[in-house]
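Each structure below is given as structure tokens.
What follows is chain A paired twice: with chain B in the first complex and chain C in the second.
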Partner chain A sequence: MGSRSLGMTPPSLRDTSPADGGGKRFALAEWQLALPLALAFAALFLAPLLLLVGVSFFNDDKITQPGFGSWVKFFGDPFNYKVIGDTLLLGVKTVCATIVVGYPLALVYLDLGARLQKVLLFIIIMPLLLSVVVRTFAWIVVLGREGMVNQVLIGLGLISEPLRLLQTELGLVISLTQIEMPLMLLPLISVMSRLDPNLRDASAALGASRWRTLFTVIVPLSMPGLVAGCLLVFASSTTAFISQTVIGGVRLIYLPLLIWQQSLVVYNWPLAAVASLSLVVSVLSVIAALSYLGRRSSGHLHG
Partner chain B sequence: MGRKRSLGDISYSLVIGGIAILALLIIVTPVVVALMTSFTEGRSLKFPPTGFSFRWYEQLFDASQSRQIHKAAGNSLLVACYSTLFGVVLATLASLGLARNRHRMARVADSFFMSPLVLPGITFGLAALVYFSTLGFRPSLDLMIAGHLMVTMPFILRTTTASLSQLDPALLDSSQSLGASWLYTLRRVTLPLIAPGIAAGAFLAFMASIDNVPVSLFLSNARTDTLPIRMWGMMESTLDVRVAAVSGVLITSAFVLMLVMEWTVGLTRRMRD
Partner chain C sequence: MIRQPFSRRNLLAGASALGGISFLPGLAHAKGSIVATTYPGTWEDAYRGVVAPMLKKKDDIDLELAPLFAMDQIGKAKAARGAPPFDVFVLDPGPRIVGMDGGLFEKFDPKKLANLGKLPAGFADDVGVQVSAQVVGIAYNPKKVPAPKSWADLLKDPWVSRLGLTGFQTTFGTSSLIELSKLFGGSLTNIDPALAELKKVLPKIAAVGLPAAMPGLFQQGQCDVMYTNTQTVATLKGKGIDVEFVKPESGSIAFYTTMHIAKGTAELANAYKYLDLVVGKEVQEALTKPPYNFVPVNKDVPLPADLPMKSLDEMTKYVEHDWSKINPLRAAWIEKFNKEMAK
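Up next, the complex of A and B:
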């Protein structure tokens, strides 16, 4: 690059020089290769979403009277605030659980040899390729009344009656921890394996304990991966319809279930539209806040 | 290392190692337990499973008893194949056009095309239902292909763009300065070099389509439902043990597929970086 741009014409002039005219036309043609996708995207993604926003501004389920009625109705009901709060809280709990359980696994990954690293990575990615329905089903078998957890606890004599784990938030968070774990681990491992191993040796040589090295060296440096993992897990767990309905049951109501009920059971599309836009806004605003914090913390490190 | 190990270091190994083992157990156990349960002789999902038999697999593969499940699986495969095929064409073209474009608009377009990954799937599912119904379409596999295309195409775009940005521009320059046309360079230099990236993306997109719930939930009806939707129905109602057999089949095929992808395009490496 350097040697070539030492030529006579500065880069800004090269585009307009006659000799490069062909090059410019070529660049334009190359850009146009994105047009088919852009058209499909506009017709099949943007248009439906814009229509959804439009539908939310109708008062009745026949979609005849425009107005703010559905918004007023949705946000006038305290029950809906509870549903939004529960949904966001479920995301926060799952994020915390995946950090607590997943972070040490990422640390161990760093210390393994290349061969074992490959095996571990395979084990981590494998569930990701398994249908969410299959992973949810697996947890029904594990957490059910006659499931593995209860049988083991009864066998050990720790409990006499089977615990109720399905259709509780605890069971749901445990299941989501496994279901979403790869989303936390992949970005973490990606960032952590790029860290200079000398940093840890230097910290140890200067007399820091391994705990101190962890919290003052590794955790701050792995922040970008941690934040990326939190974003993915949060977004995925708050919208995990299948796991929420099958493991959580019908008494734990989160926004996705509410949207499903309003649209496919009650057929009130305006209200369903309001609920689903609230889901987008609340999830995306948490994500925006998280990634802002993440950028600030990594900005401190490099700046 | 030869230094005396303090109490803190030992506690570090115990705590970190202990939780890491717990994490591995949490990841692996449910999959193994589900697989074991699928071989049960009994009619319930008790653990440990009673006896060993293939009865649920036999029932699952029996054409007359499980016709609806077979139909749903066929729908899933059909939708996944077509949406991946369209996705490969559209996303590869788009990343050829945008990956090395330095213009600000190119980056804006790129993040626009990636946005289906961030948007809650259920919101897009509902939007697609409202949109297609307003246009007067009835639920059909075509609509589902269109919907799946939008939410799976970003995977192909991402891996293809990553391969293109690792491509040494000198190769393209030398091909062109040796007189090769743009199309010839694309066919003989660019495409062979980015093919593993496209393949990895196509694989991820295919799996995402097979797994998709939110879009299928809104765009399917009883005739056009996909495997995950049917399984969801089976879990919600009577908890049919055939779900365990379906899971067994899916677990095994995911495992085999992943080994194949690992050998051919190095999937794990691509997903880590």
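Up next, the complex of A and C:
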């Protein structure tokens, strides 16, 4: 049932492990081919990152006195720990919400026919084709005091006063869930459509219920896609300055807002650099932990 | 089909195309061009729609506009370190002082403006020239709430639960919070009373947001009262939104938007021509009309009817703030606002 479509995975979604790759003949050419990108990466990303690290070791906003002043100021203020914590927590909440909504959708995708799969894939990708600014402002119209959600609820007589959805973390997580959803679904679908449909039938034949099959067969095997999706959603939602400030307002303070204020409002670049590096390091460490867990779980599966 | 790799004709075409490209900047230079910043939104529309064609017609100069907020202009100019990415700045009082301190402006010679005599005394100095005035007060939706009378009304019902609040990022936000603070014992350099009063009613406040998001939130009915300038009110009104401007009892706040020539510009003469055109009667008059709704600085231009003052002279009685005193405190204020308002 539905397994018919599973064999029709596009080639790009197939596994391209080195084992079935070109072999040693291309070893030299491969790194040479990567050179242009590597150089561009070094010049446009690595060099500015090092500059950022350099700028953070100055005490004053004129960038004249070297020292640890900005680090001491930033980490001496307990408020900033709360901001870092809130930022990471926002990422975790968004990741959880995208899993809860996205995973079932990926399962539905697997069971659809090829034509419907294409339609669903288009719907999933569509938000990516719109500017994030447009998507964010659309959410204002939906979640606002006089927005769609409130009008429907008032119309149904469920509430008498409009709910406050904008400028709350709940509203922000709801909108980020939609905005980041493609980043969760695309890797998830690409991994899940590679699963051998026989595994499900085998599990059923051995007497497992559908739920048991889901949790002992499908979920563990889809782990690499799930982890990749989590990484993308986490990194993207913790740094989503526009959505955070426009939907969340400025009472919800996350690191991107602090960085913007320090760099473009008060011009304290060393402090902005410290805040930026804290964002990079804290997000990277969560990502490292996630991908370690992901590798462990897939290593466990493949022996 | 096999394609001919090279032919004399192809080579010739390629060579002349290359020659043409290298020839182009020379052409552009001969006509004259200038890169000027403008604020995004109404300013950009007005300068693109009105000023650029007039400059082209009068002086045959191509006006290239870089839409940037004041703070972003300073940031970019500072980052460019001596090679300005644009020739002319447009700034509010606070950023103007930051630019002066950073040595970002060429020394300005007002005598080079043919229209100098049409400007009120003191509107041009050796830093730059005032090109527009801004009047800040309270905007409200007359269909949702009664008209507020003073800054203090913002903290009372029914206004407080419909209030859209912004912080110290903008000139109008900072000025409004200072005026609010004054009513509760604060001063130009002490905004703590305003924050303390705001904190008491914080759970009631409808929205606390970035300045750029406020007109959108007002339009969507998320908030029905906010502090802003007359131009934003006129623009919202032009879009058919129910909004009125109120001059608070303690007086509206007035400040001037200035233009400055970037230090190290290669287009000095053109920059003066541009600035002279901007303060001239033709541009100033065109910009006062909807949908632009600027407050003019040229004495020959009559003030639009729905402004709270009859003449530019009246504006001297409005509240003005000394930004050289505000700037050093602003970073700390922004930090304080974050902490006091954070959930």
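The rule we apply is simple: the second predicted complex is superposed on the first by the 260 of 303 C-alpha atoms of A that agree within 3 Å, B and C clash if a C-alpha of one lies under 4 Å from a C-alpha of the other, contacts with A are read in each partner's own complex, and residues count from 1 in each chain.
The criterion applied here is as follows: a contact is a pair of C-beta atoms (placed from the backbone, for glycine too) under 8 Å apart; a residue touches a chain by one contact, two chains touch by 3 or more.
Since this is a predicted model, take the numbers as computed values, not measurements.
**Student:** Determine, for the superposed arrangement built on chain A, whether chain B and chain C clash or fit.
**Tutor:** With chain A as the common anchor, chain B and chain C collide in the superposed model.
**Student:** According to the stated criteria, A:L166 is in contact with first (chain B), second (chain C), both, or neither; which is it?
**Tutor:** In the superposition, A:L166 contacts chain C only.
**Student:** Return first, second, both or neither, reflecting whether A:I259 touches chain B, chain C, both chains, or no partner chain.
**Tutor:** The answer is first: A:I259 touches chain B but not chain C.
**Student:** Which partner chains sit in contact with A:V133 here, chain B, chain C, both or neither? Use first/second/both/neither.
**Tutor:** Touch status of A:V133: first partner only.
**Student:** Which partner does A:G147 contact after superposing on A: first (chain B), second (chain C), both, neither?
**Tutor:** After superposition on chain A, A:G147 lies in contact with both partners, chain B and chain C.
**Student:** Using the touch definition from the top, say if A:V246 reaches chain B (first), chain C (second), both or neither.
**Tutor:** both
**Student:** Which partner does A:Y267 contact after superposing on A: first (chain B), second (chain C), both, neither?
**Tutor:** second
**Student:** Given the touch rule stated above, what does A:L52 touch, chain B (first), chain C (second), both, or neither?
**Tutor:** First partner only, chain B.
**Student:** So in the superposed three-chain picture, is A:S222 touching just chain B, just chain C, both, or none of them (first/second/both/neither)?
**Tutor:** Once the two structures are laid over each other on A, A:S222 reaches no partner at all.
**Student:** Which of the two partners, first being chain B and second being chain C, lies in contact with A:V108: first, second, both, or neither?
**Tutor:** Touch status of A:V108: first partner only.
**Student:** Output the chain A positions appearing in both contact lists, the one against chain B and the one against chain C.
**Tutor:** 137, 140-141, 144, 146-147, 245-246, 263-264
**Student:** Within the complex, which stretch of chain C touches chain A?
**Tutor:** 71-72, 74-75, 78, 98, 166-167, 169, 206-210, 213, 216-217, 220-222, 330-331, 334, 338-339, 341-343
**Student:** State the interface residues of chain B toward chain A in the complex, per the touch definition above.
**Tutor:** 6, 8-9, 11-13, 15-17, 19-20, 22-24, 26-31, 33-34, 37, 44-48, 89-91, 93-94, 96-98, 101, 103, 106, 109, 112-113, 115-116, 118-124, 126-132, 134, 146-147, 149-150, 153, 157, 182, 207, 210-211, 213-214, 217-218, 227-228, 231-232, 235-236, 239, 243-244, 246-247, 250-251, 254-255, 257-258, 262, 267-268, 271-273
**Student:** Spell out the residues on chain A that touch chain B in their complex, using ranges where they run on.
**Tutor:** It comes out as residues 26-27, 29-38, 40-41, 44-45, 47-49, 51-52, 55, 100-102, 104-105, 107-108, 118, 121-127, 129-142, 144, 146-148, 151, 174, 177-178, 181, 186, 189-190, 193, 209-211, 214, 235, 238-239, 241-242, 245-246, 256, 259-260, 263-264, 269, 272-273, 276-277, 279-280, 283-284, 287.
**Student:** Spell out the residues on chain A that touch chain C in their complex, using ranges where they run on.
**Tutor:** 61, 79, 82, 137, 140-141, 144-147, 166-167, 169, 245-246, 249-253, 258, 261, 263-268
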